[in-house]
Structure formats: C-alpha cells, structure tokens
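So, here come the structures, one by one.
Both of the next two complexes hold chain A, though its partner changes from chain B to chain C.
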Partner chain A sequence: MSLNWLFRGGLVAYTALFFAFIYLPLALIAVYSFNSNPVNMMTWEGFTTDWYWQVLGFKTTVSEAAMYIESTGQLLAALRNSIVIAFSTTLISTVLGTALALALYRYDFLGARTYRVLMFMPMLVPDIVLGIALLIFFVNAGVHLGIGTIIIGQCTFLISYVFIVVSSRLAGMDRSLEHASADLGANEWVTFRKVVLPQLMPGVMGGALLAFIISMDDLVITYFIAGTDVTTLPIFIFAMLRRGIKPEINAIAVMMLTFSFLVASLGLYLRSRQK
Partner chain B sequence: MIASTRDRMQLGLLLGPATVFLAVFFLIPLAIMVVTSFLAPGLYGGVEWEFYPHNFGRIFGFADPAFEEFDPVYLEIFLRSVRIAVLTVIATLLVCYPAAFCISMMPGKWKSFCLFLIALPFFTSLIVRLFVWVLILRQSGPVNGVLLALGLIDQPLDLIYTEGAIILGMVYIFIPFMFMPIYASVEKLDWSLIRASQDLGAGPIRTFVRVILPLTAPGIIGGSLIVFIPALGNFIVPAILGGAKVMMLGNLIEQQFLSARNWPFGSALAMMVMSVMLVTMMGFVFVSGRRRSSMASLSGGQRGAQ
Partner chain C sequence: MQDAIVELAGARKVFASPEGGEVKALDNIYLDVRRNEFLTLLGPSGCGKTTLLQSIGGFVRLDAGTISIDGADMTRVPPHLRPVNTVFQNYALFPHMSVEQNVGYALEVRGIPARERREKVGAALVMVGLGGMEKRRPNQLSGGQQQRVALARAIVARPKLLLLDEPLSALDRGLRHSMQIELKNLQNELGISFVFVTHDKEEALTMSDRIAVLKHGRIQQIAAPREIYDRPANPFVASFIGVSNMFEGSIDSGSLVMDRGETLQLGRTLQDCKGRATAVIRPEQFSLSFEQDTRAGIDVTIDQVIFVGAGFELYARTRGGRELVVSAPASARDDVARAESDRRARLIYVPANIHLMPGEGGSQ
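== the complex of A and B ==
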C-alpha cells in the first residue's frame, strides 16, 4: 500500500514539475515587467507600471536611455499590419480551404486520394524552405515584396490547416440528414444552406480561428517575404531582441501573452460547449 | 459519382480556385527552388543559367575549384543540425512521456484542465516564449544568480549561446507537439493487458518494455516526427538562443539569402533540409505500415472479439 502512495506522490510531483517548467518562465516575465530597475531585472528595485505606460506612448519618468522603441507609432504600425494580414489570410484561406474540403467530401473523383495526401504537404514542408521558395518566386516574378506577398505566402499553408479542420468536421457529420432533406423535397441549395452549413459552421469557425492565430504569430515565412518596408508584430519583436534586451520588451510580452491567453481560453471554452 | 455537367461545374468551382492558388504559389515556387539549387551563383547576387553541381559540392566535398577549396564547415553545420534535432526529439519525449501517464490517470475534471494548460502555450507568441529563455539563461539571469549566491560558481556560466540552450528552447516550444500524440495513445492503452502481464509474472521493467512501450509506439513515433521536422530547419531558436556561436542550417540559409546573397547555395541547403525530411517521412510510413501488419497479426483475435 505504501508503495502505491509513493507512486502516486511521484506522479503528482512530476506533473507539478512539468507545469512549473511550462509556466514559471512566463510568470518570470510578468514579475520582471513590474520591476522599476532599468538595468538589471534580477534585482528588485520597486513596483512600477511605467514600462507599460511607456510602451503605450505615455510620458513617464523612465529615462530615454533605457528605451529602444523610438516611438509607440512603430509598434502600433506593426500591430496594425499583423491584424490586416491576419484578417485577409483568414478570409481567403477559410473560403478556399472549406471549398476544397467540401469538394473532396461530396465528390469521389479520380485523384481525390492523392489530393488529400497532397494537402498535408504545405504543413509539412519546413517553414524556412517555403519562405525562401516564395522569396525566389516573387523576386523572379518581379512582384514588389510587401503586405500582398505576405498574405499570399501565409495562405499557402493556412489553406491546409483550414482544410484539415473542416474535413474532420465533415467526416463526423450525419449524411442521413441530407438524404432526409432531399427526400422531403428540398433542393440541393436549400439542403446545403439549411442542413449542411449549420452542421459545418463550428468546423469552419474553428479553422478560421486557427488560421487567424497562426497568421498573427507567423515569423519565418513572413520574415523572408516581407521586404524592407513592412513590419509585423513578431518581426518587430524579433528585431528588438536582436538589438539587445531592455525592460520595455517585458511589458510588450506580457500584454501579448495576456491577449492570446484570453483569445485561446475563449476559443477552447466555446469548443468544449459545442460537444 | 459525377453524373452531370452541373456536378462537374460545381466540383470545378469548389476545387478550382484553391488548386490554382496552390499550384502557382506553392508547387511552382518549390520547383523554382529545386532548379535554383543547381544553378551557378551570379557575381552580384542573382544566378547564372548553367548546370552547377558545386552548390551541393560545397557541402559534400566537391566545391568549385575555381573559387575555393573544400571547407568542412558546412558539413559540420548540417551534422550539428541533425544532432540537435535528434537530441530535441529525445529530450521532448523524455519530458512528455511520463507526463502523459500522469495526466491520463487524473480524474476527469483535472484531466481536461491539464490538457487545456498544455495546449494554451501553443496559442501564444512563439517569439515571446523563446525570449523568456534569453532572460533566464543569460549571465545576469536567475540561474546564474542562484548558482552565484549559493557559492557553487565564482563566475557566471555561459549558458546561453550554446547547443544546450538551443535544445532547451526547442523542448520548451515543442512540448504540445509531442505531448498530444503520446497522450492520445496512452489514453487508448488497455490496462487489462498490463494487469495480465503482471499476473503472468512479468516485472515492472519487463511489462514496460514488452507491453506498454509497443502499445504507445504510434504516439511516440508520430510525436517524434512532428517535432523532428520543424526542429531540423529551425532558424528562430538558434537565432535567439544560439547567437553567432552555434549555427544551424536555418541560420546558414537565412545568411545565404539575406546577407551573402548566394541564392543557389541557399537553395541547395534548403534541399538538404527537404531531403532529410522526406527520408524521415518515408521511414515513418514504412515503420507504421510494418507495425500495423505485425500488430494486426498479433492482436487480430482480440480485435475481432471486440
């Protein structure tokens, strides 16, 4: 019996360690972000919210030397680009990915199986390979690198994600309802709109949410095809990190973590309610 | 299934746009990259249209004698990348495997909460999660701080910008990728088989090696594959945690494209990443195919009874 207790204790301890490994580092930045010491974050000098105010563009007592964003405008421009790109890619990839999933679900044509397998390719090809392939392609085609190329580049792999999420939803759907609707005299379009679409919607929304989140966070592919004048949020932070670390980056990191925690919690909560 | 022209039109309408999009912006770019990897680099960036195998030669020992002698540095970077990716897979596996068992034994409510906590980081910014480790590992970070305070070391250790730092960072970001497939196979584990093994006199180690490990192998193999592929060509983790000291294929490719402007060589390096990925995938298909047939013959009777 005591061995059993020891075993259980060990399991609980391991799980605790596991989650500590995942979450303690994130808690650390949160603590650092409120430390007023501008030089060494390890030494606690007092509680302050100045870093947050500074990032948001307010005047604070923090000296200029401790900062490295020249203006909050740059950060906001990067954020705005990221949001514009994420909305565009989500729209395009959701429409195209859903159409593909529907086509493969409704029609059994020659090559449908190959198609299904090929749709995994954009997800499996390493980011960096796709990034440079697109860079070579756009430069050879004489396309100016910018928001347009980023949107196209991200869609190439986001379509796959949407396709897979929607396909799995379709696979779990009850086809007899469609037949019933047809038997009761509804035409194809009415059946699609009133029977298939409502059942499909959670899958489409899930795919869209996933596409949005991945788009907002994409660094590698965007990095190669962004050109010189467009910056997205992840690229902006990557560039900051390469220039050295100053405390305001903690505040930005904490705001981003909080935001994505809220969105992800909401998404996962909604999904759990559907079941 | 396709009966009428109307059906055919509908199918074309659904299939067409995405197919054209992916053909133009996915397949063609990859094909151009393959071609580029066999072309000679131009003097000022760009390419010369002639067959030039020396891009691969720079890696494997037949560099263009007109320009340079063979330098094993590229081969070293390639081997280092493979080594780091393999070590990352092993470390992530060792961290996630016990955790999957712990969590699968929890009562329902706790279980779903834990799964939520594991999935959550996947939705947060990758760059922020890596940045944390810069804070932790650097010379003025808490790890060195604690070790110094305890008197275990006199000088801060160089923890960051090492292979270890890269592996740690990769383990941290790939945990959800490895955990989920393993957890799925642990959840499906038939505990009566484990009890049977113990009843028949097998010790814990024997039970683990002969029963638990084979039954959870699909999760282990699947998880290893989806960690290995992005780890091999990764460029963000070594860029942030490896610095200029520990270079991987990803950084080398970035350098060839954005600063050295030798696109053919960069493409050849990308082809190396792709080929290792393809070989790994084919191995995966082969192993899972063989496993399926051997498992089917082993547990065919049991499956049939269910």
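== the complex of A and C ==
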C-alpha cells in the first residue's frame, strides 16, 4: 500500500519535473518580455509592454541604445518573407505530398516500396547536410539565391512531412468505402471527391499546418540557400543574437509562440470537428 | 435465357496464396441467377463466396470466363456501371455522412434532384423500418440499425440485383432471425433477385429459393433447399447441410458393404452403381420394428429417446458401433416406448428410397 503510494508520488513528481523542464524556459521568456530593465533582463525592474510596442514600430520611452532593431521595417520585412515562403511551401508541399501519398496507397507500381523509404530520407538527413547539398545544387545550376530557392529547398523536406501525415491517415482508411461508393454508381473522381477526400481532410490539414510551422521556423537549411538579399524571421533573430541578447527578443519570441499556438489550436479544432 | 438476370460462364479466379502457391477462388463456375430469385451461396469460410459475389459486383476481375447481367456482357465493365448494388459484409457506411446522405448517395451521383431524392430516401428508410433516423450519423446507430441503413442504401436506386455478403453474421441470434424474415419479405416486395452469401446452413435453408453449395471455388450443387436436403449431390454437401445417417462403403451386387462388415440393401435402380459410395437414410425414413422378418433392416441398441413435441428422436447404435438418428411420429408412441424399455429395436428401411452418392468422406 505505502509502496504504491510512494510510486504514485514519484510519478507525480516526475511528471511535474518533466513539464517544468519543458515549459519553465518558455514561461521565463514570457515573464522577461514584460521586464522594463533594459540592461539585465534577469533582474526584475518593473512591468512594461514597451518591448512589444517597440518591436512593432511604435515610439516608446525606451532609449535607442537598448534596441538592436534600427528600424522595425527590417523585422517586418523578414516576417513578410517568412510568411510568403511559408504559404507557398505549404501549398506546394501539401498538394505534392498528398498526391504522392495517394499514388503510393492506390497503385502498386514497380519500386513503390523504395519510393516510400526514400520519402523518409529528407527527415533523416541532417539539416546541415541538406542545406549544403541544396546550396551546391543551386549554385551549380546557376540559380540566383533568394525567395525562389528557399521555397524550392524547403519543399524538398516539407513534402516528406506532409506525405507521412497523410499516409498514416490513409493507412487507417477503410478501402471498402471506395468499393461501396463505386457500387452505388460513383466513378473514380466522384468517389475521390465525396468519399476519399473528406475522410482524408484531417490528415491533409494536419500535414499543411505542420509544413507551415516548420517552414516558419526553419533556420539551418534556409540559412544556406537564402543568399544575401533575403532575410527570414529566424535568420533575422539569429543575426540579432550575435549582437547579444536584448529584451525585445523576448517579445518577438512570445509573439511567435502565440502564433504557433494559435495555428496548432486551429489544427486541433478542425480535427475534432471532422470526427 | 430471358429468365436469367445473371449468367456466369466458365468463371475462374486464381489468387497467389501467401505460402507462394495458388488458391483457386473460383474454379470454372457456371451459374445462372433467375429473375426474382433468392439465391444463396453457401459454403465454408474461404470457399470463394465473397469472390463470386464481388465478381458479379465488378470488384474482382475474372481470369477467365464471362459474366452477363440482364443480357448485357459485363465481363469488363467497372462496378459503377453495373446495375447491381451490394450490402457489404462490414456494411461500409460512409462515416462522414448522415443516414440520409448515405442512403441518398446512389441517387445523388445519378443527379436526381434533392426533393425527389428526399422522398425516395424516406421511402427506403421506411421500408427497412428506420423512418425518422435521417439526421443521425452511422456511429450513432446500433449494429442492427447500421445493417438496415446499408440495406436501404443498396435498394434506393432499385438495382436489378442485390448482392448481400453475410449481412446477418454480425447480428445476435434473435435479431438475426427477424432480419431473415424481413429480408425475404423485402425481396418479394421489391421483386428483384437477391444473391445472398452465408456460411450458415439454417439461414440458407429457411430463406432461399435455391442454394448453391460451394467448396474450393467449385459449385458442388445448385438446387432448391428441399432438393439439397433430400438429395445432396455428394457427401460434402450432405455433411455440410447437416444430413444424418450416412453410410460409406463399396457397392457389391445390390448392397453397400461397409468397412465394419455391415451391409445395407440397395434398391433395384441403384444396383448398377460400382465402386465407393455413400448412402443416406434420413431419420424419418426409418420405422421401428421388433420382429426378425425379410424386410431390410438394421439391428440397433437404443441409447437415448428424446421427446421433441411433434414426435420423438431416438439415438441408436448399430452392432458395428455406428451412430444413427431416428425420428418417429407421435403416433408411433407405443413402439417408441417399447424401444426405450427394451433398449433395442430393428430399424426398417425401404431400399428403393435410399439416396446414394458417389464417393465418400463427407467430413471434408
């Protein structure tokens, strides 16, 4: 009895520690983002929302010296690039990844198995290797580095993520539903539209959201193929860090976190509605 | 030809078995389904019933042979163009659609306008006893209700033929029995042919106009239930259908000589047969006697007598240890009482009435 109690107690403590380990740093960042101390953010000086206003380009009482961002324009430009890239890559990789998953599920062509294994490769290859490989490829192909190369480069591995999410959804799908649809007079296209796709949608949405979030915060691979003209949000933040950690970074981090959280919640909500 | 809705000729289908060999799921099948007929495909699991049904539905592509439906060659026609609907073994209801959408699916893909669709869906649901459930999702229904939705969905577009793959096997006993009757009534009401798959002989015997018994992808016999029961074509059919009192042996000048030295007298018409054979004497074909006379008979000891309302069932044993079942009418009360107290009797049979089948080894 008491051993059981001890075990339970241990389990609770372990769980608490586990969550603390994961969430405490995030909580600290959130707290610091409201700290008015411009020099040492570990020391609490008072509550302020200035860092947020400052990042968003509003005039506050914070002195110029405490900031890195010379102009909010730079930050917003990086954000805009990231969003354009994320939307494009999400669209492309969702369409291609879903099509690929469907093809491999539907048709048993020669080499389908090899193809399936190959789809896991971009996730297994270290980012840095993939980044270098892409860079060498683009340079040799004589392509000008920029938003275009970032989109193509990110798609190479985002397709894999979408493929895997959609494939797992397909694997759980009941093949006899397609038979039933055909039996009732629907041709392949109608069957796809009315039976397969609605069932597949949660998987497709899940894959798309995953692709969007990964695209938004990919640093390593994007860094290699971004060239000199284009800056994405992660690259911009990374560059800021090289000049020391300043409080406004906390505000940016909290905003990104909130955004990711909203996107993920939307995903979960859509998924629960589909059930 | 005009009275056949489906004609299969020389249908073959071979699957590669996981062990690397071949499975003949359909082995040279010739089958006619008549108009307005309730035809049952009966056989043990794995004998090819589903494959046969799906080749009519168009989901299995035949390796050889042809299939025509309502006079038109359908051998290479895809499922969605065949005038046939199926009730699948697992129902295969669309989980993301309401009952109404499920049932209306066949009409919707044919472009029937919404109002007409709603009427027909309502009528079909009433027909299967599910009126008022239109808005529910399949997962909000019981197994029996899902079954009815599957049925309504398959009949709403009035197919020329309805295929049913073990539709009752997932239901419990009571429900199953009432569904058997309902299905039979529905078939009469709709006036279309049903091809019904089951591995349950009772179900087959009660519901069917004709039964096709399958084994290893071959049709063993196709006939009316009574005919199958009274005159099974071979020992497999006899034992699968649950016929009692089978005698295996070799035919020798008008008798069947069994392995333990017992013999059975055969009717004159059967005396030409040669070789190994199996004879059937049904329980009600015996009559009880206690005299040794010239009539053909078997001396037995009586193990047990059971009163079954309309009569009696006697469990008897021959000298060679062969177990036999005898059924006696209530009018034979006195003879039964004597057999029970003596614990012995002589079972009289009429040799000419014995059903004789070539071959042996009924228990597969």
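Note that in this section the second predicted complex is superposed on the first by the 269 of 275 C-alpha atoms of A that agree within 3 Å, B and C clash if a C-alpha of one lies under 4 Å from a C-alpha of the other, contacts with A are read in each partner's own complex, and residues count from 1 in each chain.
Keep this in mind: contacts are C-beta pairs under 8 Å (C-beta built on N, C-alpha and C of every residue); 3 or more make two chains touch, one makes a residue touch a chain.
These numbers come from a predicted model, not from an experiment.
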item: Fit-or-clash call for chain B and chain C when the two complexes are aligned on chain A; value: fit
item: Chain A residues touched by each partner, larger count belonging to chain B or chain C; value: B
item: Which superposed partner A:Val195 touches (first chain B, second chain C, both, neither); value: second
item: Touched partner set for A:Ser260, first chain B, second chain C, both or neither; value: first
item: Which of chain B and chain C A:Tyr14 touches, first, second, both or neither; value: first
item: Touching partner for A:Leu177 - first (chain B), second (chain C), both, neither; value: second
item: First (chain B), second (chain C), both or neither touched by A:Val166; value: neither
item: Angle at the Cα centre of chain A, taken between the Cα centres of chain B and chain C once the superposition is applied, in steps of 10 degrees; value: 90
item: Superposition-derived minimum Cα distance between chain C and chain B (Å); value: 10
item: Common interface positions of chain A, toward chain B and toward chain C; value: none
item: Sites on chain A touched by chain C in the complex; value: 174, 176-177, 179-187, 190-191, 194-195, 198-199, 274
item: Footprint of chain A on chain B - complex, ascending; value: 1-2, 7, 11, 13-15, 17-19, 21-22, 25-26, 28-30, 32-33, 36, 95, 98-99, 101-103, 105-106, 112, 114, 116-121, 123-129, 131-136, 138, 140-142, 145, 172, 175, 229-230, 232-236, 239-240, 250, 253-254, 257-258, 263, 266-267, 270, 273-274, 277, 281
item: Residues on chain C engaged by chain A in the complex (per definition of touch); value: 57-59, 78-81, 84-86, 88, 90, 92-96, 105-106, 109-110, 153-154, 157
item: For the chain A and chain B complex, residues of the former touching the latter; value: 11-12, 14-15, 18-19, 21-23, 25-26, 28-29, 32, 40-42, 96-97, 99-100, 102-103, 106-109, 121-122, 124-130, 132-137, 140, 152-153, 155-156, 159, 213, 217, 219-220, 224, 234, 237-238, 241-242, 245, 249, 253, 256-257, 260-261, 263-265, 267-268, 272
